[in-house]
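Remarks on the structure that follows.
We just call them A, B, C, D and E in the order they show up, numbering each chain from 1.
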């Protein structure tokens, strides 16, 4: 039997996600992190695009979960030294450096750092500001334990010289004799999530970086914006601390550059990163703020990105399609001056208070060394080499990779890959599932039924997020005066590990039987605190949150007094509400260990195979008569991997798999139930019981029409990309005689009717052009484009295409190419902005790079499973950043084009990610079900049946005999429609009864 | 410099010598104490700026020679009397007289080109602009005269001799 | 001379006698003569002999459907909470039903208060019932000792007077605006169809209020309901009011105070009316029984008007028509939603 | 309205010609990002800039390239190449285009400087004159500045460690400007020499666009230095 | 009637999945709005009965806002559809008896509509302010009077 444990290297968001997915699906995870705390690059960000979520806030719950997870062994200050053995049975040596602070004793009081006399540059803040030699990298660090930096500690350099920390530490946690340890770990597989390093622009003298104080990088600016950063979130410029009013971002610094940085690839995230910073900075600014972004191609190719870009433009972010040669000082005040040319070559000057370099992503030097030690192949850009058709597999079996270490990518893509890597790492160990894990034991739950309420209130500063507006101390004091409140306390970060641990103790010591946390949104943090209650022996439902951040301090930042009053009111309301709450039973649903996958394209087939190979039965439902979906018409990937052989092989695997039941020409007609127990009816009448569902219903090519028709369907020389692919698959000889070919990009994309970027078409079109050029080097090829969006290493393809002499001519919506014909000969007129001239072309072939649209079936399938769709008909994931394959509805997952246009390799990764998430459910015997359910008071019920009619889940039925209604708690979702519909007040929702709501309302009026 | 270095390289011309810049040698000799200079002569605090010849700096020896150049000037005229330009060293602007422009005619074009250099030097407020290149010297002097600059355009050697301690 | 009503009364008695005789029913729910003039009393005939008392006239204003659920329950054999359900069919009841009462029965069936199989609905077309109050008002305080009903006239007599009035002039307001006088559901038909009654504006009285300003409406409502003494006669007379614990009596939670101050009274009437939304058939029982003469029917009438306008449905018209608050259409009107108002404005 | 280029058949003769001569030209790599034009002091002169220059080549507008006098405003300074993300050396391309211009159409003075250089030095003064001027000035110093009575200006000294070139400007226009350097070299005490042939430090053949001229002049100079046996070639200011 | 220092109190019943999330997004995006609102989180707009709205008014709310997912987006499939009918009839009834229409407000706000949420709060607050303190159906007011 293989080992039931997995080594995950890298504690950034990708590593954390992979660790959680693996640990939740039955494996013991050793999570190795080189710094003192997990969180990685994401923790350094202030906000994330395109939702503008506070990065630390959405990340923090995951970190805490990771830190608390029974089956995650967190090894900080550690490096993987060597790896020997085979898949299923590796021996890894992990070298753990000493922390010099005993984590079991450290209470994170911070006295050591306060007293430490040695100041050092704060690398967490990218060298902006100082930290001490005894330090904590950031306030929400997990583990929340201080560490001593041996390179700077006075004592460790010369024992006897200082030791201030040891003197003041109240816990006696300082241990100067701490020694490095080598851990020998036996693991079945390995996931590498090593992340990236931001490119250091010091070598680019023309940027002035390192010489001009007010030239900084985007990562640095992120720290300037962050509330936990060196300026506490007040936007300041380095030279004089003044708030900058005119800020420029320069794109592609250290990316798309073969001259100075030797990074031919596009870093993929910087365009959105810069726009986000411009938008957020505008919000931070007091008064006028003029952001400008200087770019080559605007690459907003992800979900919601193009709309974000459009909004930014409408909201006053200026965009200049120009690269700037040099940044110059404008005066002695620290202001900066840019000279640049507009697209027609006109010379322009602009002055700025600060210039931010959008520096690219590169592989860390240590990664290259590690890859050498582990015998892993790197690609030509030093990223870890992966397989297109298995995008998380490295060259070494049993070692998987995810995140930016394999190619620059954004957070959702990294999270997807993390889940995909977890799938792969777990899949080969499936027989050993649950063999190495421990089971969480909660303390016996206290019966509080007969006790009078003893309420504890914890009020959060959230760093300065709340405390800079609300008088947290006053709220805490006030809370203590409320009836039944026996304890109140304020915390810097209530969600931090130490506060959580302390809360457990407080609940026990104070004998609390109800808890209120006044902090942020229960939508993100309630599960964490509820878990804390359970750890303290309380039922998790005697808990309420007062949202004094998202719905108070953040929205009333200029009215601190009113915000404080409101915080008191909200706390009082929560106390009133919690007072009436009772312990509820934890309902569970027995899991049907099988899956339904909807959609027989590459995404659906990949998900189906991924689950079936772990021995879970799968029904694969495809509405057409054949498997394969859009891949049936794809010629090759941009890395020249032929799609048809892979597709044929995949179809054969699916058809031959004993655990996959393929249903062709079949659709879903009905679905009900919930995670663990769905019931789905197919159009062939079949009824399926299944625990999870994966929706991969795909997308379709837009059929050109109107302004974007370009004689498509009227002139036989006009084709779409897929049609050309089909001809290439069929080895057509037609192109041999083609003298001139023209491609038009963005046909139907990025226009008001279809505002999204279809993501794949630039790469697809360019690859096709390259193929044509290779087949017929004499062919002239013109690409008429708006922005070239060959993100990541696809940029190499763009470069190759240019090198082959393919000519790129930009157009914009004011100059859409005009296509006409004269006796069958196509005539295209377009405008070249560089030489400001009209160009006439007479191609023998016109290829339209058409948009990708969602399938109409997506929305109907979504409705069956109560999942949301976005404004354009794409399926809407639970969270754009951190839950990219989950729906808000538990137990249903998504993958592929139904989510957003994406290339094959990303569909495969997402399908594997969906399978990984589904595996978590399928690996359990039972899953938690809704505990907050409706209940009937038989004495009040008259049996009128209104409740039965309004229940969307068939959870309410009539007891025909007694003529009263009955609620089936297994089916009830706790929406309360029946409660509101009942005239007789016979129904109530547990803990959200009319009395609790009324108590909250009454408490709103002091 | 560039003509010789690049010419030797591009045409693969056999040779037994190495090519060095006099600027590097000045700096080396000053550092070694073989060339003794003292800025004490600059009692009036004459301000100096500099032109980095493209052929010497960007195209041949890069920032090290530009740093040498500054080291020599500072040693000769006093650290505090040197005002650097921006951009500078390898990223400095061409004076506009190179590449044969001085010989080619097109005087207006040449001066339009040189206007960038003029503005840059004018901004320093320097009394003297060191141009350790004959092309640069001619062009910088021309644009100074043409656009109404007040500085004196000179080679470096004269100032070294002025500061020379024997 | 046989009037329409006397013929109907005969028919009723014959039918009731027959049904009881044949044991097809255990009880016949109809009316007997009241003790005061212009009154008819709900009456349950349980034997053929009882049927002699049954009558039908223009004073049958109390809605018989109101008694139906209880009557049916009373006929079930006594049963403890753990006892099994009785075997065999339960006793049946026959009931007289005009248009509005029949619609109440439909709702009672839909809401599981009445078992369709246990009721024999004896449909009677309503010619409109007379409002005692209107007659009294005509005679302005003079004591009425006897009223004899002819088809289109009422002969009213008392001490020193003997007058003839046009029956239609004293018919209840709800009947005047009724367009469904005939039962929508019945097993046996009694008398002739009343026929379609045309009414140009059934909701004129609602519109009158609607046309007032907010302040005027507020004043009107306060004035109209000021005299309420919370006797709950209106509630008790309503055939759709069958909650075991009425919200006004509930202490957990206490939706409304027990007092007769304006707020409590208002909330009582608002919620009482709202509970009838989509169910009220405008039978007029509530108003008929109010000792203070409060026109609370206008509230339910308003709701009836809205339900019809917004959702195109009328209460109790068919057994298979869902109650309006237990169903929806995706395109239900929503111009009251403020975000939709904004969107509409943008659309313009 | 703007020009109209009919590219129904794209011909890029000039581009191909340059690519043949300069394999590392990478003209096609241009991203049209404008960085070059943004940093080039010659941008806008003759309505041309480095990016347009490349673009005209790519679009086969050879006439424009061959006719523009911008090539004489581009000083081949390589500031564009310095930061160009594709590392394209526009100056290098300009050099080629300069060479494509018929000699008779080139700026006369420039061509003359190179032609003179091929004959000896860019000013065309006879080598003997140079030797005489050096000697003359040295003598004058010996006479007027007693503290420099031992100053030397060696000529054709075989075996000298350092070879010093001399811009032709001084011997022709302001010979006394040669002196400071002699003094410095003397003060430092190094062993150096001038050459009486191919002594000119400037090389205008670098700018005409004819590589054979450039090669010739460089080669002659190199041979001279090697003949003298100098190990270090000092390029003067 | 409205003195300058008077600030209305507004109770907002927000569904967890859309409107409450929208309110969070308003916060995350730092869209500022007046501090008069007190949010009560409920699972679904379908959880809110007219009784609860009346209760809020009776308890002293000068204004009430009920907000749920847009039609078709209900996390519980149809809760907002039923709610829409209840609210439509109830709103009309209140208007009928002379309650100012601006006192009781209904809206649809999705999880992505942070800005819209802030705008709604601004708008509702302004309109309730314009109306002045609620008098009808207010238990406390009457007791005090």
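Heads up, the rule we're going with is that a contact is a pair of C-beta atoms (placed from the backbone, for glycine too) under 8 Å apart; a residue touches a chain by one contact, two chains touch by 3 or more.
These numbers come from a predicted model, not from an experiment.
Participant: Return the chain whose centre of C-alpha atoms lies at maximal distance from the corresponding centre of subunit B.
Facilitator: The most remote chain is C.
Participant: Measuring between Cα centroids, what's the chain most distant from subunit E?
Facilitator: Computed centres place D farthest from subunit E.
Participant: Out of every possible chain pairing, which has the most C-beta contacts?
Facilitator: Highest contact count belongs to chains B-D.
Participant: If you average all the Cα positions, which chain's own average lands nearest?
Facilitator: A
Participant: For subunit B versus subunit D, what separation do you get between their C-alpha means, in angstrom?
Facilitator: Their C-alpha centroids are separated by 16 Å.
Participant: What's the distance between the Cα centroids of subunit A and subunit D, rounded to whole Å?
Facilitator: For subunit A versus subunit D, the centre distance works out to 56 Å.
Participant: State, to the nearest whole Å, the distance from the C-alpha centre of subunit B to the C-alpha centre of subunit C.
Facilitator: 108
Participant: Roughly how far is subunit C from subunit E, going centre to centre by Cα mean, in whole Å?
Facilitator: 35
Participant: Taking each residue of subunit D in turn, which ones touch at least two of the other chains?
Facilitator: 44, 79, 82-83
Participant: Give the residues of subunit B that touch two or more other chains, as numbers and ranges in rising order.
Facilitator: Subunit B, residues with two or more chain partners: 90-91.
Participant: Which residues does subunit C have that touch at least 2 chains other than itself?
Facilitator: 247, 253, 325-326, in rising order.
Participant: Okay, what are all the chain pairs that touch?
Facilitator: Result for touching pairs of chains: A-B, A-C, A-D, A-E, B-D, C-E.
Participant: Across the complex, what residues on subunit A touch subunit E?
Facilitator: Those residues of subunit A that touch subunit E are 51-54, 283, 521-523, 547, 549-552, 554-559, 562-563, 565-566, 569-570, 573, 866, 868, 888, 932, 950, 952-953, 973-977, 979-981, 989, 992, 994, 997-998, 1000-1002, 1004-1005.
Participant: List the residues on subunit A that touch subunit C in their complex, please.
Facilitator: Touch residues, subunit A against subunit C: 939-946, 949-950, 958, 961, 963, 981, 983-986, 993-995, 998.
Participant: Once bound in the complex, which stretches of subunit C touch subunit A?
Facilitator: Checking each residue of subunit C against subunit A gives 85, 110-113, 242-245, 247, 250, 252-253, 275, 322-323, 325-327.
Participant: Please output the residues of subunit B touching subunit D within their complex, sorted ascending.
Facilitator: 1-4, 6-8, 10-11, 13-23, 25-26, 29, 34-36, 54, 56, 58-59, 90-101, 103-106, 109-110, 112-117, 132-135, 155-158, 160-161, 164, 166
Participant: Taking the complex as given, what residues does subunit D use to touch subunit A?
Facilitator: Going through subunit D, the ones touching subunit A are 1-10, 26, 28-40, 43-44, 47, 49, 51-52, 55-56, 58-59, 61, 79-87.
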